[in-house]
Each structure stands twice: as structure tokens, then as C-alpha cells.
Amino acid sequence: MSEGSFGIGIDVGSTTTKGVLIDSSEKVLASHLQNTGASAPKAVEQLLVQLSTQSGINPRDCRIIATGYGRSIVELAYKTVTEITCHSVGVHSLNSEIRLLIDVGGQDSKVIRIGQNGRPEDFELNDKCSAGTGRFLEVMARVLEVSMDELGPLALKSKSPSTISSTCTVFAESEVIGRIGSGESASDIAAGVHLSMASKIGSLSKRVGVASPVGVTGGVALNPAFRHYLSKHLGQELWIPERPQLTGALGAAIIALRGQKE
Amino acid sequence: MSYPILIEQSNQILRELVDAGQRVLGYIYPHIPHEIVMAHGLTPSLVRTNRTTVGAYEDSLQTFSCSLTRNLFSQRVNGSFPLLAGIVFSANTCDALQNVADVWRLRFPEDNVIRLTYPVGDAGDSAAQFLAKEIKAFSDALESLTGTAFQKDAFIEAASILEGIRSGLQLLYSARLVNPSLIPYKTLSELVGDFMTAPTKTVLTRIENKWAEVLDGLRKQKQDGVVLKIRAALLSQDIGDIDFASDSAVRIAVIGGMVEPTTIADLIVNIPGMKPNTVVLDILTFGFRTVFTPPAETEGDLFENAAQSILGAPSEPTQEGLPRRMRFLKDILTNLSIGGLVVCEQSFCDPDEFEAPSTERAASEVGVPTVRLPIDPELSDRARLEGRLQTFLETLDTS
Amino acid sequence: MSEEKPYRRLESQDLLQQIAFRHGLEAMAASEEGRLAWVTSGFPVEIPLAMDVFPTYPEQAGAIIGASKIGPEVCGFGEDLGYSQELCSYARSSIGSTDRPEDVSMGALPTPQALLACNNICGTVLKWYDAISEMTGAPVHLLDTPPLEGEQLPHHRAYVRRGVDRLVEFLADTFNTRLEDEEATRVANLSSQAIRLWTKVLETCVNKPSPLNCADRFLTMAPVVSSRGMEHCVEFYEALLAEVEGRVKEGIGAIRNEKTRLLWDNIPPWFILRFFNQLAARGVVFPADTYTHAWSGAVEGSDTASILDGVSEVYSDVYLNKGLEAKVDKMCELIKDYDLDGFVMFSVRSCKRYSLGQLVSKEMVTERTGVPGVVIEGDMVDSRLFSEAQVQTRVDALLEMFV
């Protein structure tokens, strides 16, 4: 078995660590997602074991590309590539028509304009402020006393979303508490929260230039209310991959593979 | 040299000067008349932001004071800058420095805060005359501070040192544009940093020696001629005629305001994809814009000469005339083969934040990709800054 | 039984709408005729006006955008173009409304042929107008009035005076017009008449009860900013002064039950002027504020040269161009002259020149006058930065000190 036949991509996020193993035809042979927990190196170790078990291949026989916030801690990595490039490449391999990619993670959100070759042409990040990221939704879910899985469906029940005007998560939280106090329905408030998210992401997208078709990845893509309100705000249909949290790792794996072919 | 070592070294230089009986005048905005300061027996030295400063400004400054002023103020609250005889604040250059000078005076009445007011209109002679009078008033204030009257001999000697330092740095900047392997950006930034710490004969010698070394390397490759041409072109802000061929490697420039070249050099050290030759030029206030200042003449009215020198610097302190600044930028990007531009945006810095969109637009008009770098003196979220730069390099990588 | 409001409405306020409407029409016509300039609030507008160039005010447009409660949205348009949220909201909303006038219900200005900035109010106006220049193609001209420390020195006056000459040259070249003595003196006279009348209006508020609250003054200040030098501006202030003097004679106050008299510092939150009416219900009135009192001198002169000399002095000597101590002096003077019980300093995030340092000036004003004050945080246009709950708590704490 030669080193050149397989590629592994590892995406070490602050909340979750993801991994994908592909063969030379870019077919996924193994994939896994787990919590990063307190020790990223440990999570990576466990991840590699999972990939190995699923595929029957020894990770040490593969080239590994690491991406994500914690990419520099992956000792076995051949090199590191940022998530922007990896998401771009990963999405391009799944749907080569996507020109604008929105990735909303736990702690940050990114908007990427994907070029013809699948690599990013331009990008914008919201990485200083938690509004417009998964964290914002977590905080609001807690205030509304629902789980993250329940938050989306709750919001979809609303016919008239509340207005949440604060752009800062901390102030928005107070605002939501105020609205609960004045008797607004939980579903209207939940809808307002998603509207606010969509607006924030929409602004970020305009800085890069909204171009169809638009793809969305990251954990928040699984939230149906987020998809609904974002689609409405952008005036665009959204494409979501089957497993939106793995596109970064997939892209990294593809880069690993292509690097060996050169 | 890592950042902590740089700070230690610059404090060391200051301590040595003070121990040798020199008095040090701190400045924040670098376009000061060094020669005038030195004519009063003072050494001008940059008051530096500190990466590890703990915020201590909340009693006096609101958070929308730019991050540079908050950092300096916090350092002062925590007892820094004991060696300074006084601090120069610029007036009319930006609202943060304008207002913080007043606050500083009131909160630290024992400090000697001196103001130098700049003309910012594109007003030719009348601006020079205004600045000349302000510099004269500045000189009078220094005399009150030190008891030392203006010494013409000291001015002339200082002018010679400053001219030598700037000349050497200009040549090194130009050399790096042509053949970056001859002088690492880190080394260049450290020499600029030394100049900011204290423009002494020692620093001049260090720069001259470095240039001699680099010139040797340039001559071997027959590149000395084009380097001199580039230097002259940059100094006259007219780079239309440069015939310049670069290899296919990625060449990046960094533009912005009040961030030091050494900070940039330190930031890029760990970024995969950033090679030693990648950053070929900075267009920073504490770098290019003060280095490419023309020398002060030593004949005639010395205050007017100092004013003309300061007003001859590229892109600042004169603020009126955005189109001209953008044209100069476009010329640099096009004629010096720059493939990417990093636009630094200091937190709550009005000049940076107002100009960044225009800068990006100008670069895109000549086909040069840009990335914004939201920075502050503490380099908070350094990992994310590195990530941004790494991604930017990945977008430029055509392979 | 109808509920009586705690505050009284000015009749003269009706005239304001007429003036605003007229001004808007004239601005549109001027733009079509190729002679419209956008002008900063501290600019010596008498000069372009005397040269037949019509002025309109992006800062006033910003106030309208704020009052129409579309501040966050329109600022957002500017942010979409890459301008940081940390920048002045007047600038962001101006840039935003210039980019997307079709999406701005009120407050988008007609296309300018020149942008005239004077930095006596802050250092960012030039950069703001630079951005607008890139968007509209209109050239920017700066009248540089470097900040003063104490008296204006001869070299400062000479520099500004030369700058005023440059301005006249620029307007002459750009609009193919001239500055004539007759027009210059006529416009300058009208302007100083209006300013004198306005100053008298302000001074009536030393009376108890105060015939005007700050919100009244914020609104009625509009013509002296946008229309001074024009005849109808003088007429307006004559009418306003008459009404206000009438109130004083009858002992009628702006609010029904005046108990506490406070000083207001800074630009008001345009999107929530009802804040002052809420306080009126608790007997709180603001007989003086630093914003409407910013207008200091009038320009007198018998010929062009003396008028331009006057401009070089008067326009350098404004409240925002003189440093923190001068601001403290002014606030203490107002507290004394208007017999005020305390003060509210609005820390406007957008405006470093006005706000940065209030934490120190607050202490100094209390020290010198003995009256208590409070600092509240917000912005004049961007309502996202204003937290009613937070503000209420602080103001309540202040009011409790007067019980």
C-alpha cells in the first residue's frame, strides 16, 4: 500500500474535532466527528483511531493536512491549511457550482467567495464578536429554556418575529429577557433571534459580494430556522451539503491527496 | 530578536543614554523635528506600546479611545515611562491624540506634556509657515523644559545624523524591494526600531554598515543601479519610469498607520506560507512614511527647514488629498510588482478605518488582492490574525 | 378628560417644517443647476452662500435619519461598503444613504458638486467627505482650523486667513463665480442677525421656569445651522424670540412642573428625543446644553476683507476646537449662569472630539460647581448603542440625589 493513495483531513475546532479519510478517487472511506473537549491532542488521537477502525487503513501511511483553530497541534500533519481554503475546496468538490460559501461555526462565521478552481478568491471573517455565530444561538436557547435542537423548530412556528435590535450578544440577551417579561411568545422571540443572525451574516456576505448559488456549512447549517431566515434575507436558495460540519476536513483531505500527486 | 527582547533592548538603550546624562523626550507621532529636539540637548525617543499591558484606563478614557492611546495611558497608570523628560503629543492629526493629551495633562500633572500642532490642509507655503511657527513655539517649550537654548551647531550635527540614518534606511528599503534575500524584513524593521528608539551615531553606524554589506551583494548581481533609481523615485513620489523585473515569488506589501514594522515582522514569523522574502515593503507611519522624509536643510531659517522636511514626507502629516495618496499607492503596487496588500486597521483608529475601504478599492483597481488586519497593540487574538494572513497567502498561491 | 402632556409644544415649531421643506427643494434645484455643496456644520457657510453656492448639511441629514429611526439600517449600508462600525454614525449613515438613496426614506441628500469641510468640529470630517468624494466625484475642499490652546496666535490667524482665501479661489474655479463686497456684507449681516437673535433665545432660559427645554432648542437650532445668511432664517428667529419672550412674560415654562434644572452635554440621541419628555414628566428640564450653545460669535464686517478676517477668528474659536479645560470652563459657566442643579453628560460613541475625556471633565465640573452629574452612554444616530434600561438606572440615581 503506497502513501500516495490516501488523504486525511483533520479539522480541529474549539468545540468539535472532525476527520475525513479519502482514497485516490476522493471517495470518503471514513469520517468522524467528536467533541474537542479539554484536550485537543487527545481528541485528535481518538479521531485517528476512529478513522483507522472505519477504513482499515493506518493513518501513518497517509498524508495528513490539519486545519481549524487548533491545526498547529496536530503533530502528524504534513502541513496546515486554514479552514477558509479547506471549506472552499471541500464544498467545491461536492458542488462545483457554489460561488459563495457561508460557514457558521460555534465561535466565528466566515463568508468565502469560491473561485473557478475551487480555491477562495476573497473572504470575510467575523471572529471578534460572538453575535452571528453558534454561540449567539446557544445563549438565546438557554434564555428561552429550550435545547439547541428545539430552537429552530420553535422559531419556525412564528408568524411575526420580534425585533432584536442589539448587535451584541450580551445586550441581546438582556433584550430577550425583557421581551419574555413583557409577554412576547417564545416562538416570536426565537424567530427574532434568527432574523438577527441572518441580518448579521447577510452584512458579512455583502462585503464579499453575494453570488449565486450560495452554500452554507458549519453546525448552524443544520438549524432549519437559520436556513429559512438566511435564505429570505439574501433572496437566494441555499445549498447545504449532507454533512455540513465535515466540509473543512474533506477539503483538507483533498488537499492532502492533491499535494501528493504533484 | 523577539518582541520582549526588542523592548528590553530599547529600554537598555534609553537607560544607557540617561545614565550618560542625556535627557530623553518621548514622542508618539513620529513626524517630529528630531533635529530641533536634539538642538536642545534632548534625545527624541518613541513612546512604545507594550504587548503585555494590562488595561488601566477605565477611570479616564472611554473604550472608544483608540487602542494605541489606551495602551500608552494604561502603561502610564502602571508607572511606565519614568525616564522621560517630557512627552510630545501631536495636535490636529487625529481626535484621539488630541483629546488624550488633555486628559494626560490633567491626570498626570507632574508630566511635561508638550503639544506640536500640524497643518493638515494641502496648503503649500502657508502650511510650511504655520508649521515653522509651531516648531519655533515647540523649541521655546523645550528651552523652558531643559534650560538649554537652541544650539545651531547641535542642530547641524543632528541634521547630518538624521540624514544619514534616513538615507541608509531608504536604501535598505529599496534594496529589499529588488532583492529581499539580501536583507531580512526582521533586520530592516529592527534598524527602523533603533532609529525610533534614539537617532544616535551608534545607530547611524549600524545602518551604514548594513548598507555596505547589502550594497556589496547588490553589486555582485548588478542591481545597485536600479536600487538607487527606486530610492530616488520613492523619495520624489514619482515611480512611473521604473523598469523592474521580479521573479514569480509572491510579493506582499503592508500598509497602515500606527503599528511598528517590528510588530509586523514579529507577527509574520510563524505563518506557514510566509517566506522570508514575502513581505517586501511596508507603507506604515512608523516605517516607510517616516523613513522617506526628505532631510532638513541647514542653511537659512532652520525652523522653516524643519517644517519643509516634515511636510515632505509621503502621505502624511498633510491629510487633504486622498486621490493623490491613492495614486501613489497604485503606482507602488503596479511598478514595484506587488502581488498582495495587507491593510492594517487599528482598533478604534479613525484614520485607519476611514481609509481602509479606499485603500482596498485602489488596490483592486490595479488587480492587487487585499486582506484587512484588525490589530491592536496587544495583538489580541494573535492566532486569528495569523490565520487571516495564512488564508490570504493561500488565496495568492497560484499552485 | 384629555391627558395633559407634561411639556408644552412651541408654535414656532410649525415654521420649522416649512423651512426644512423649502431648504430641501432649494437644495434639489441647486444640485440640478450644478451649484450644490455639502457642508460641515461648523463651516463658514456665509462664503459659499455669498458666491451663489447653495449649502446642505449631511450632519442634519444624519439627525433626520436618526430621528426617523432608520439609523442602524442606513449605517448598515455604509458598513456593507467596508466602513467599520466603530466609525462616526453621521459618517456611516451619510455614506450609506449616498450609496443607496432609494432605500432611505428620509435623509438622503441631492448630489453635490463640491464638498466643503472645516475641521473645527472634529478631525474626521475630511475623511468622511473623502469617502463621499470617491462615491460622487465631487471635489473635497478643507478649511483647516487647527485646534486652539488659549488665544488664537497671529500665525494661526494668518494660516486660517490664507485658507479662507484658498477657499474663495476654489469656489470661484469650481463654480465659475466671484465673491463681491455687496453680497458678502449682505450675507454676513443676515447671518449675524440670526445668530444674535438665537443667542437671545438661548438666554431667555435663565428664567424660571425655563421657556425652552433642550429638545426644543435642538429642533429650533436647525435653521441657524442650515440657513443662516438667508432672510427667512432671521424671520424665523424673530418669531421664535417673540414666542419665547411671551412665555417668559406669562411665566410659562417649557414643562408644566419645573422642579430640577440640569445641563445637557453633547449631541442628543436623535432617535429617542422622547427621553426628555419622560424626564419632563418628573419635573426635569434642561435650560442649557453645550450643543446649542456651541455657536459663539457672529461675523461682522464692512467689506470682504474684514469679513474674511472675522471668519478666520470666529470659526477657529468654536467650543469643540478648544480643548478639555475650555469645555469644563464653559460647562461651569452655564451651570452658574442658568442656576442649574446638576448635569447629564452623554458619552456619544461616535464622537471622540466631543466625548473623549468626559470621565475627567465630569469630576472637574462637580469639583468646581459643587453640583452632581452623571455620564450616560450611547450614540446620536446608532440606536443599537443606547440601552434604555442602563441609561434609566443612571439618570434615576442622579435624580435621587436631588430629593
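Couple of notes before you dig in:
Letters A, B and C mark the chains in the order given here, with residues in each chain numbered from 1 onward.
In this text, contacts are C-beta pairs under 8 Å (C-beta built on N, C-alpha and C of every residue); 3 or more make two chains touch, one makes a residue touch a chain.
Keep in mind that what you see is a predicted model, and the values were worked out from it rather than measured.
Ranked by separation of Cα centres from chain B, the top chain is A. Across A-B and A-C, it is A-B that has more C-beta pairs touching. Chain B has its Cα centroid nearest to the centroid of all protein Cα atoms in the structure. Chain centres here are Cα means. That of chain B falls 37 Å from that of chain C.
Once the centre of each chain is set as its mean CA position, chain A and chain B turn out to be 40 Å apart.
Look at where the CA atoms of chain A average out and do the same for chain C: the two points lie 47 Å apart. Annotation for chain B: no residues touch 2 or more other chains. Annotation for chain C: residues 82 touch two or more other chains.
Annotation for chain A: no residues touch 2 or more other chains. Only residues 69, 79-85, 108, 119-123, 125, 127-128, 262 of chain A touch chain B when the two sit together in their complex. On chain A, the positions that touch chain C within their shared complex are 165-168, 171, 174, 178, 203, 206-207.
Per the touch definition, chain C reaches chain B in the complex via residues 81-84, 86-88, 91, 119, 122-124, 126-128, 130-131, 133-134, 140, 142-144, 146-147, 149, 153, 155-156, 158-159, 162-163, 166, 323-325, 347, 349, 352-353, 355-360, 364, 377.
For chain C in complex with chain A, the touching residues are 72, 76, 79-80, 82, 85, 383-384, 387, 389. Only residues 59-62, 64-65, 91-96, 98-100, 102-103, 106-107, 115, 117-123, 126-127, 129-130, 133-134, 319-320, 322, 345, 347-348, 350-351, 353-358, 360-361 of chain B touch chain C when the two sit together in their complex.
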